[in-house]
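Down below is the structure, laid out as structure tokens.
Each chain carries a letter (A, B, C and D) given by its place in the written order, and its residues are counted from 1.
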Amino acid sequence: MSSSFGVHLKITIFGQSHSEAVGVVIDGLPAGESIDMERVQRFLERRAPGRNAYSTSRKEGDIPRMLSGLFDGKTCGAPLCAVIENTNTNPKDYALLKDMPRPGHADYTAWVKYGASNDYRGGGHFSGRLTAPLCFAGAVCIQILERRGIHIGAHILSVHNITDTPFDPVAVNKKTLRDVTEKEFPVLNDNTGAEMRTAIAEAKNNMDSVGGIVECAIAGLPVGIGEPIFDGLESRLSAALFAIPAVKGVEFGEGFRSTALFGSENNDAFFYDVNGQVQTKTNHHGGILGGISSGMPLLFRAAFKPTPSIASEQESISLSRQENTSLRIIGRHDPCIVPRAVPCVEAAAAVALLDMML
Amino acid sequence: MSSSFGVHLKITIFGQSHSEAVGVVIDGLPAGESIDMERVQRFLERRAPGRNAYSTSRKEGDIPRMLSGLFDGKTCGAPLCAVIENTNTNPKDYALLKDMPRPGHADYTAWVKYGASNDYRGGGHFSGRLTAPLCFAGAVCIQILERRGIHIGAHILSVHNITDTPFDPVAVNKKTLRDVTEKEFPVLNDNTGAEMRTAIAEAKNNMDSVGGIVECAIAGLPVGIGEPIFDGLESRLSAALFAIPAVKGVEFGEGFRSTALFGSENNDAFFYDVNGQVQTKTNHHGGILGGISSGMPLLFRAAFKPTPSIASEQESISLSRQENTSLRIIGRHDPCIVPRAVPCVEAAAAVALLDMML
Amino acid sequence: MSSSFGVHLKITIFGQSHSEAVGVVIDGLPAGESIDMERVQRFLERRAPGRNAYSTSRKEGDIPRMLSGLFDGKTCGAPLCAVIENTNTNPKDYALLKDMPRPGHADYTAWVKYGASNDYRGGGHFSGRLTAPLCFAGAVCIQILERRGIHIGAHILSVHNITDTPFDPVAVNKKTLRDVTEKEFPVLNDNTGAEMRTAIAEAKNNMDSVGGIVECAIAGLPVGIGEPIFDGLESRLSAALFAIPAVKGVEFGEGFRSTALFGSENNDAFFYDVNGQVQTKTNHHGGILGGISSGMPLLFRAAFKPTPSIASEQESISLSRQENTSLRIIGRHDPCIVPRAVPCVEAAAAVALLDMML
Amino acid sequence: MSSSFGVHLKITIFGQSHSEAVGVVIDGLPAGESIDMERVQRFLERRAPGRNAYSTSRKEGDIPRMLSGLFDGKTCGAPLCAVIENTNTNPKDYALLKDMPRPGHADYTAWVKYGASNDYRGGGHFSGRLTAPLCFAGAVCIQILERRGIHIGAHILSVHNITDTPFDPVAVNKKTLRDVTEKEFPVLNDNTGAEMRTAIAEAKNNMDSVGGIVECAIAGLPVGIGEPIFDGLESRLSAALFAIPAVKGVEFGEGFRSTALFGSENNDAFFYDVNGQVQTKTNHHGGILGGISSGMPLLFRAAFKPTPSIASEQESISLSRQENTSLRIIGRHDPCIVPRAVPCVEAAAAVALLDMML
């Protein structure tokens, strides 16, 4: 059991890549919140496949149908259920994979765990397709958070070895976040973005793939959100982020880089600003102290491994014949999932954050 | 609320730095498990303060008293409660801090969250002291895991800019782990260890501090442990690891480095070994695919920021006077907490892992 | 938040009486379990409205659509989601109730809790309609439990002041349970059943309603299911049972009657039967000792209040005008919900029990 | 695992009858709440054994030691841990019971569940002794609830076949509750109380025991507490109440008696009182509609079976010899646990209620 997250706001994700539908139940939303479905739809489109050269050509309408939880366009206190049909499935693409697990995928581990009944088609419940309902839940939470003055936005910090300008950890704000998330290719430096696209196209041409890092900021978060020890912001956010397939690392503030700083460099001095608000001069701590928000922008990064599905031939095994073999993956795959992962990161953060605030 | 972790095995940590005692309740342990209290004690001593030049001089006996859960030296199915008294407390060291939050600490965020009743003495419930009961719980879980053939061990991968040899991700095994965890300063390369100690001593002399990275491996884990989406091994392990104060980043397998690899480099080819076991030739995935153990060694790293408590003067604020001021921290602090953090990392991993296996 | 239940097997119920659909997500089902959808359908029909004179004339097809979690007719380890469309809704029946809360219903408390956004139509998320997805979940769990030798069945023990023969607490078995649950009107004594039907018809003619008691037995339960203190069988089963609207009391074994017995009467003597199995000579304890199953049949009763929706005029208030008024409920209602509640009781028990066994 | 309860306020109970100590961790208490330890102590004394003729002669000081969670007499936001030592244990009283399970007790089911490591002494973790930490937690919660205008009180409604005056379901208030809970033998009608004492004394003389019913009321509860479906007040309260050993039934409002009423009798008419507050003319619903508090007094009853430990000889089995035998229980036992159960019922209700209000 695994597909639920949250304490006060509980989301439950269901579906497989090739089941009838994927969807999500969101339980615990405050009543009376308007949900702008057009904005939800635009958010889902940032994740949706098939939009351009660097993503899979599998096209899905990804139009969520709301089964419950809304009344006259507002949340009514009852659990909200949204369903997205799976319409464009090619199960024959995956027939081979029943026997030959793809390197870097969950095919083998799921086969061991669930046995002969495992739904291997397209990765089943482990498919990146399941981030569609996650994004739906995130889009709903983002609207509620914004009404409370909290803004979440992410950009592509790196693809392979090409790195975008990072967020300014002190100055990042609502406008920065809105500007970058409205971009078709969300980077701060569009020249770098062009290089990233080239690198992705090259990887595709080489029947290969690349990974990258998504950096996310949350502006407007009040002081005092989070709990000590096991339910600190880092624990809750990382638990949600590692639910996104391909995430292999998460860091907050300076993260791994802080390990090479002296305490005197890494500590952030408190001061009263001109409005009498407590701030820190720098923000190496990434807006979290003791697991609790400090009032400074919250900053974190998620590392995405290169897409494991690549077109070139790979070594694998035949489970039925119990022998080594080689595998060529057919089907539609992203040479780099990082661009589509950006809204997923925002969604995971929004879900975890709203849960902690209710 | 925050101080509980786990679903099948639930641990609840209590205590403040200067309360009567700290402790832990462990609920859900299988009945009939012998607990070797001498080994538990040795494990606690790896974390205990005051043992050498590079740790705080606060000495605690750290002898846990077992209040419940054992019968004739074995777990009896009832919750196990262990209490460690706080005997060597100097509250006067902290009187100043009631008013002046230490940079990089939870003093300010806890003050906002809990108000005038916050137990500011020594960081209260946010103190590193709370890793003593975590280590107790981990020491118990480690014995149970070992009886199932699973071995956990960690070493200091880096201190400041000095880096130890990493674990061999394919070959790391029970012996590697036992050897390194038995060392007084747990590194694979003792020459590097000597340099690290020097760097720590220098930081102390400079009234400063340094951070570092702990690398942990789990050998002997069977295939199929973990759940999809929100309860994958990465989600659960990271949630437990970020409960350790000063952890600012967690990565699995290649982690952040995987983002600069091509898919063809990062994918790990499956093969049948001579015993007919499925293995992978390399282990960039760190033993986890789709959130589920693959049977290869599980590998992860946790980044520790430099200790925020440093002896040199720092800028801060006076909460009562609402003005900027400077602060000099008195009291006993580690110039580098990484050596003492090694067993904490093992303990957090053990607790999260046993919970997922029950 | 409230609509989830279970630890190892988690069910999440969604929908309102007049939303697009109602449904349930079941997370944690073991993989590889065949689900006989015809049997599920028959189970749902026991609860379905509109089948006869003593139930509401609202007819729903109540055909669940499986969105996920099955592969080739078996559970695949991923969450199972089933949706039942709401097709036969008459919102105009409920327009009045927006302003005038029905006595004995959740209209008023939901209005206070959720405010203007409360979905008042037909009781919204509080409607008895939500027992349809509960019964779906129960029907699935019952098939899995039966494969493990465990059989659940319930009968109408009383309607108003007419009482059926109770189950024999020692001898009740799989055959007893199958026989009674296959009846169109599930009582042990059909003569009594005929009297009950007459009493229900009379109540309807009098524009009134009656309540009753459902008695449930679980045969074949092994010894040792359940946990001490807060997760005993009584705690878990009662928590699930009180989720059924109109349940106002739950008792196990002798229940309230045991309070008038002496210990020497109520205690059940242990003995070894001819097969060397431990049994008790009597079964006042209802198969549960210390919250844990004893191996004897598990027996409990749930008290259902008379349906609060009655056709005769009642006193109530106008929330908009803030004045006392009288109310005549239009719409379709059961003069006695007890017959349709029988499978709901079985379903709630099955869900709670399977959760504790996984 | 089983010994934790609550979502926002989590209590974890530990200890066995004959372990070093019993205790409780309370996580999630609001910071800044004064705890009057003298009142806590008086509350514990209502439950404490050895005070008079009708309770066990095992005397325990039952003085809780506070290990954490308080600072200057107020809750500080960190988990509160209280420990009560087990000082007056007679393990030899129980030596026989290792082999011969007492009828009506958890000895047999615990032996099956935990095997040879089960702590059989005095019932281990299943002992009524574990209600001491429950009462501690309840005493703390009661003080916090009273500060919010909510008062909880219970009385002995019946012992064997002798019945006290029930609470007036509409008029019961703070004063009623305070008056009855301050009595040494908490009944509304002291003459009836005298008869009850006689009945208990007779049972003791006959080497037998009697049970009874505790009725509890909660006054001052605001409208809107509780959640739909699985987390309604009935579900949460009953889950907590069945954690008390010997409880075999729980009912709310009219409970089982409502099944013999017509809807027109059982429905409670809403009206605006002279202060413009919504009330109901009668209170058959016991203050809960749809799982949510209605603003009327909350009323429920818990049925306690007769104490299973009786002095007369009983039939049982020898687990080691696998044969039938007879058993005579030595040791100290209550001929009726109902008087000592009264504060336990209040405590369970307080813990469940405060959890739902936070």
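Here is the rule we go by: a residue touches a chain if its C-beta (ideal position, glycine included) is under 8 Å from a C-beta of that chain, and two chains touch if they have at least 3 such contacts.
If you're wondering where the values come from, they're calculated on a predicted model, not measured in any experiment.
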Shortest chain-hopping distance from chain A out to chain C: 1
Pair with more cross-chain C-beta pairs in contact, given B-D and B-C: B-D
Identity of the chain that, by mean CA position, is farthest from chain D: A
Inter-chain centre distance, chain A versus chain B - centres from mean C-alpha coordinates, in Å: 26
Chain B-chain D separation of Cα centroids, rounded to whole Å: 39
Interchain centroid distance [CA atoms averaged], chain B/chain C, Å: 46
Overlap residues in chain D, where contacts from two or more other chains coincide: 1-4, 8, 13, 77-78, 110, 113, 125, 228
Residue ranges of chain B in contact with chain C within the complex: 7-8, 78, 228
Residue numbers on chain A that touch chain B, as the complex places them: 1-5, 13, 101, 103-106, 108-110, 112-113, 123, 125-126, 130, 158, 160-161, 203, 206, 208-213, 223-224, 226-232, 234-236, 238-240, 242-243, 245, 247-256, 258-272, 276, 278, 280-281, 284-286, 289-294, 303-310, 312, 314-317, 322-324
Footprint of chain B on chain D - complex, ascending: 1-4, 8-10, 12-16, 19-23, 25, 27-28, 31-32, 65-72, 74-81, 83, 110, 113-119, 121, 124-125
